[in-house]
Each structure stands twice: as structure tokens, then as C-alpha cells.
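Chain lettering (A, B, C and D) follows the sequence in which the chains are written, and residue indices restart at 1 in each chain.
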Amino acid sequence: MSEIRISHQDFDPGAEIAAISSVKANIGAIASFIGVVRGDDGLAAMTLDHYPGMCEREIAAHVTEAKKRWPILALRIVHRVGRLVPGERIVFVGVASSHRGAAFEAAEFLMDYLKTRAPFWKLEERKTGSVWVEAREADDESVKRWQ
Amino acid sequence: MKILYFAWLRQKIGRSEETLDVPAANVAGLIDHLRARGPGYEAAFRDMKSIRCAVNQEHVGLDAKLGPNDEVAFFPPVTGG
Amino acid sequence: MSEIRISHQDFDPGAEIAAISSVKANIGAIASFIGVVRGDDGLAAMTLDHYPGMCEREIAAHVTEAKKRWPILALRIVHRVGRLVPGERIVFVGVASSHRGAAFEAAEFLMDYLKTRAPFWKLEERKTGSVWVEAREADDESVKRWQ
Amino acid sequence: MKILYFAWLRQKIGRSEETLDVPAANVAGLIDHLRARGPGYEAAFRDMKSIRCAVNQEHVGLDAKLGPNDEVAFFPPVTGG
């Protein structure tokens, strides 16, 4: 059971966790992550743009990769798009597995991908104006360790 | 064909999508055609190192063939969420 | 802000996450973990015994250690005691930080401790009878890597 | 002094806590005294390798001194949650 949802709407972390918690009798571990827009470096807002359809397919390819590496029993990714202000939730990743090591590692693997290489484009609004964030180097450290 | 623009390409061109009947055999030909449509297009397609293309939601290069019913998308390198 | 709660009562993952999500403006990452009793190896129930007071103090010492290692902005541990059947939640760990790496690592560090060295005693009920689980070797792999 | 028993010590002794006035100077002396209280105690304190002790919620050894208002706890090595 895995679901990938790209949405302008906020999500309810408790409801997302509940959705992956009760699907199999052998679930022993649920690792989850919530990303929130930080406002401590002067960011006023950020807007995430995406290519509907292609975005979900590319994320799904990484979910398939995660499922090859770890025994995942249930998985859910929710990623918001549109304009978000500091304090708002951006992303949810939840992974259910039999054991904690697999659940933690798969969740971290998916988050490293989503933060650095997932198909989103980010516009940051600051006092100094709005700027489209430049792509990071492909050899970002947090992704490299999975390769 | 249907053409989609994302991020700053959308802003420079001033629209997110359009349907055009372009007699271009490949992506490079389509870009040449688009550049001629106005200064916004010209600005958007100035630095080709910063532009990626997908045809029918698959990443392709400038030499990718195009058909009349294809969905072509132009966008910058992705930045993550 | 950190809270350690040992309880016979179940907990609401969404409420626990909410409690650590909104305390500071620079929170960008909330990693959480929920442990659930698995029933796939013939376990009928397990009962967790603890020493009230001393248990909380020993866990608090490991929270202090985690705070030395990672920049933690908010943290919550809920651990249940008493008799639990397969499917029931056992433990919640939630860590809020500015960045995902710190949040994930601190949550995994605390879970490795809670699962292997925290001051609980576990009675397992199976068809063959009830047995108090023997202590594991102190050099458990999952703990060793933090040393 | 107040004495607490956990896990299988509690089961073998048949109670979780008791308050006793024991003239023992240290933990080893207290254990000798407890062993003489009945077969349940004797069974609980048979294998000392499997027993840990805390005085006032601090781990101690068998030679730890005891006072009349101390809280003494006996339990097996912890197993994690």
C-alpha cells in the first residue's frame, strides 16, 4: 500500500499516520517526517511549482527504488504545492515496516530525494524580492550516501 | 501540440500552457519557432543550459522527435521541495 | 521543551506531533516514530514492567545526551507500560529540529536506546506460556554505532 | 526501609513492595535477611548474576550502605521496551 499525493491543501499528520498504521498485522514500526517552512532566515513565503502527472510519476519511481531496498509494508507521501508561509507544513513522509531500522532508513532516503531532486521548482519571497531557487549540484552529500 | 512552461519560463513567457500547430520535427526546431514568437519567449529560451524538456512526461534531449499530438514541457532543472 | 511520559494509556500520534510542532519559529523538521506490538511470531501479548521515577530519570539522561549531540528544538517520548496485545502502540518518539538530518538521527538514537537499554522488563505471552525476556547483550549492534 | 521488587522477582516473592525494619548495614546483608523470609525470596535471590539493585533510584553494588529511610529496589537486567 503506497500513496503519493501532491496537493495545495494542508494535511493532518495524525490522519496520514493512521492510514499507514493499520494495514498489515506485521507492522511494528512507523517512521514519519514532517517538513515545515522555516522563517528564521528572512523568508517571507515560498511557492512550489510542479508538473502534474510527471511529478507523481517521478516520485513513484523513487518509491519503487525504496521498496527494492527495504521491506516496506505501507508508505505515504504528501507534498504540498502553491504558496506557503513560514510555519506551514510542506511535506509528509510515512513508512511502516516490521522493524525500526528499515522504517527510519526508507523515510530518510525518500526525504533526501524529495528535498534535493524531486521535480519541484521553488520561488522564494524575501524583502529583497522574489527569486527562483537555482538547482543544487547533483552530487549533494545527503543523496550521495544512498548511491 | 500542447506546450507547457514551468517556473521562470512560465513567468517570462507569461503563460503556463498553449496549444500550437508547429511544423517542427524535433525539440530544437520547436524552440527556434518559439523564440520567434516574441521577446518573452526569446528571454525564456536564451540560456539553454538552464532548460530541460520533457515530451509526453519523459525527459528528452534537443534532438527528440515531435508529433502533432505530443505534450511538450519546458522547465528549469528541478530544485527539490 | 522536552517531555517524557510513561503511561498505561494509549496515545494519539497526531496530538503528540502537534505538541512539538509549534513551539519555535525555526522548526523545519519533525521526525517521529511509533512502535507497535507485532503479532506475526506467535506473540499473544506482552506486559511491560517499570520502576516509576527511576525509569523517567534514566530516559531523561539519554534525552540530555541526545540534546548534546543534536540541535533539538522540541522532543517528546511516550512509552506505555502494562499489558499490550498485537496491534497496540508501545512507544512514540518525536523530535523537532531546524533540519531533517538532526531530527532523524536524534529520533533513531533515542529509539535504539528505548528498545534495547531503557529500564523496562518485558513479559511475553505465547501459547507455550509466559516468559520474562532475557536481557540482550550490552554490545547490541544498533546501540554500538552511537558510541 | 522500603523495598521494591520488579519483573520476575516480584512474581517469585509474590509482592511488589514492602516496608521492613531490617538491621542490615549494606545490600548484601539485606539480601541475606530477605532469603531467610521464605522459599519465594530464596528462589528470587538464588542467581545473583541476574539481579540488579538500586538505592534511592541509583544503581548500586552489593556493598552499598543502607539507612533506615532508604528505598531499595531489586530487579533483573533491563530488556528495553
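Everything below uses one rule, namely that a residue touches a chain if its C-beta (ideal position, glycine included) is under 8 Å from a C-beta of that chain, and two chains touch if they have at least 3 such contacts.
The model shown is predicted, which means the values in this text are computed figures rather than measured ones.
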{"item": "Between chain D and chain C, distance of the C-alpha-averaged centres to the nearest whole Å", "value": "27"}
{"item": "CA centroid of chain B to CA centroid of chain D, Å", "value": "78"}
{"item": "Euclidean distance of C-alpha centroids - chain A vs chain D, Å", "value": "51"}
{"item": "Two or more partner chains touched - positions in chain A", "value": "35, 115"}
{"item": "Of all residues in chain B, the ones touching two or more other chains", "value": "none"}
{"item": "Graph class of chain-chain contacts, one of line, ring, star, complete, other", "value": "line"}
{"item": "Pairwise chain contacts, counting only pairs that touch as defined", "value": "A-B, A-C, C-D"}
{"item": "Interface residues, chain A side, partner chain C - complex", "value": "12-15, 17-18, 21-22, 25-40, 86-87, 98, 100-101, 103-104, 107-108, 111-112, 115, 142"}
{"item": "Chain D-facing residues of chain C, complex", "value": "35, 48-51, 53-54, 57, 79, 90-91, 114-123, 132-136"}
{"item": "Touching residues on chain B, where the partner in the complex is chain A", "value": "4, 6-8, 10, 54, 57, 73, 75-81"}
